[in-house]
């Protein structure tokens, strides 16, 4: 069945653009970094995003995190490929905005009432039965069967598409477990255990998120040096963070 | 309102209406006297003739209608007979198959099964007498079904005689897509 | 056949058909080249505008249709009720804009611009007849474009008359983004 609850933002670009426009910013790398937290907050909190769309939201999230990370941490090395990803997101957002605005113009045109009317098909020509040429009952059966074959019922959530994507929640949970076993560990250790770039990014995001939620605190003694992650001391006082996921 | 504007409006009105339109009605819509409408109609027709236009104003009694120039009659009938006698397009065949196996059926249901708008195709199948429709109610539109003439032309007496009718007419996938569509119409009507 | 005669025939044909007619069909009936039909259609429309006529020629793809002047809409709607234009959501409007400016376009390309799955919206626009699709081939899916009904409902005679057409219809950056996303989509999505 279709998920009939429609989330407020249909896609990640829609959300990102809205956040940027809300702050009356232009589409730049800087402004994307500025709204990164709000973006992630929304993705975490919105329950109506379908699993399929969630994959799209997370894919953009990873790019946003990259941008955010670079704006906070100058030590973060960005490959030329990632550099291009950042630029592409900016371009894509600008392009998306053009069509979103054009859609708004269409709305005005549709409401202007300046529509064109046409005549009905062969108006005034009298009906006579003319048998369809070269058509028999078996053609109808064949056609009908083809139609049945071509019906695509709305997906059943395409689990494969999202199965491999590590969610933010999973990552936060993983860190919390680690923190329980070891009071302190470094970001580079975390990086080493990651399977790929996306996972590093998600890790970093999870880290930012936990700093924000005061689950952890980070220490970096000098620029480019190791980042140490520690359990936030006041954790027991603050109790459970509001967004923590309990398994 | 000035005279060219009135003529322009009258042209538009007569164009969209298939039937003769009462002069009084034209006058009311244009917010002018009936005399003014009469004068405009005459001027329009003179103009059409002078310009060798493809249109003509046909006046009968208190009504007027737009038609085509009699000089173009042979070309018009070529178009009409071409439309009526042509082979069914793929879309038309699909629509016909749905109407035959699932009729009586509404346009919305046909569109849910095909996933595309079907209003033009239904009109052309109706036009050719291949399908028929009956009104359900003012608001809920029409039910379409294969015409008896059509069934006869493919050598059967009733839709039940179509190959594998029992099985195909109750296909589950179709039931499901119709159920989904129904649900959507109920819930997200204005989204 | 001389040019005024051809124009007159074309007017008659478009009038009788009511629906969009393929230029090739007009050419065949008039027994002239398609180029000649195209030229005539342009001249007809220029003439309609000059004369403040009640008609307009609508062109899309390889077809043309006759319609009323959008200036007369408020009067015509008193005679015939236009299709009920229920509101389009923002997502539907933005998808429609992509299809109108960039069509014929594939679903993958639309989704590359929107960054999100668009099959549901496309289906609903198709069912409402606002966009149309044509099959590319069995495997490669469909190409989507704006329909005549869309043009009529915004009172525009051809997509190239849409606001900011030059800027939105073609753009090098778009091509680049589309190419990138297509690559990505080929790998990550299997739709």
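The chains carry the letters A, B and C, assigned in the order they are written, with residues numbered from 1 in each.
Just so we're on the same page, a residue touches a chain if its C-beta (ideal position, glycine included) is under 8 Å from a C-beta of that chain, and two chains touch if they have at least 3 such contacts.
These numbers come from a predicted model, not from an experiment.
Participant: Going by C-alpha centroids, which chain is farthest from subunit A? Tell me that one.
Facilitator: Centre of mass proxy via C-alpha means gives B as farthest from subunit A.
Participant: Suppose every chain is reduced to the average of its Cα atoms; which one is closest to the average of all protein Cα atoms?
Facilitator: Given all protein C-alpha atoms shown, the central chain works out to be C.
Participant: So the centre of each chain is just the mean of its C-alpha atoms; given that, what is the distance between subunit B and subunit C in Å?
Facilitator: Result: the chain centres lie 20 Å from each other.
Participant: Report the inter-centroid distance (CA atoms only) between subunit A and subunit C in whole Å.
Facilitator: Each chain reduced to its C-alpha mean, subunit A and subunit C end up 32 Å apart.
Participant: Find the geometric centre of each of subunit A and subunit B from their Cα atoms only, then give the gap between the two centres in Å, rounded to an integer.
Facilitator: 44
Participant: Among the residues of subunit B, pick out those that touch two or more other chains and give their numbers.
Facilitator: 12, 15-16, 80, 83, 115, 120, 191
Participant: Which subunit A residues sit where two or more other chains touch them?
Facilitator: Within subunit A, residues 2, 117-125, 154 contact more than one other chain.
Participant: Taking the complex as given, what residues does subunit B use to touch subunit A?
Facilitator: Those in contact with subunit A are residues 12, 15-16, 18, 80, 83-85, 87-88, 93-94, 96-98, 100-101, 113-115, 120, 123-124, 126-130, 147, 149-150, 153-156, 161-164, 168, 171, 173-174, 176-177, 180, 183-184, 187-188, 191.
Participant: Inside the complex, what are the residues of subunit B that reach subunit C?
Facilitator: So the residues of subunit B touching subunit C come out as 4-5, 7-13, 15-17, 21, 25, 29-30, 51-55, 66, 68-69, 71-72, 75-76, 78-80, 82-83, 111-112, 115-117, 119-120, 189-191.
Participant: Please output the residues of subunit A touching subunit C within their complex, sorted ascending.
Facilitator: 2, 10-14, 52-53, 56, 60, 88, 91-92, 94-96, 98-100, 102-107, 109-110, 112-125, 154, 161
Participant: Quick one: in the complex, what on subunit A touches subunit B?
Facilitator: Residues in contact with subunit B: 1-2, 4, 6, 117-125, 127-141, 143-148, 151, 153-154.
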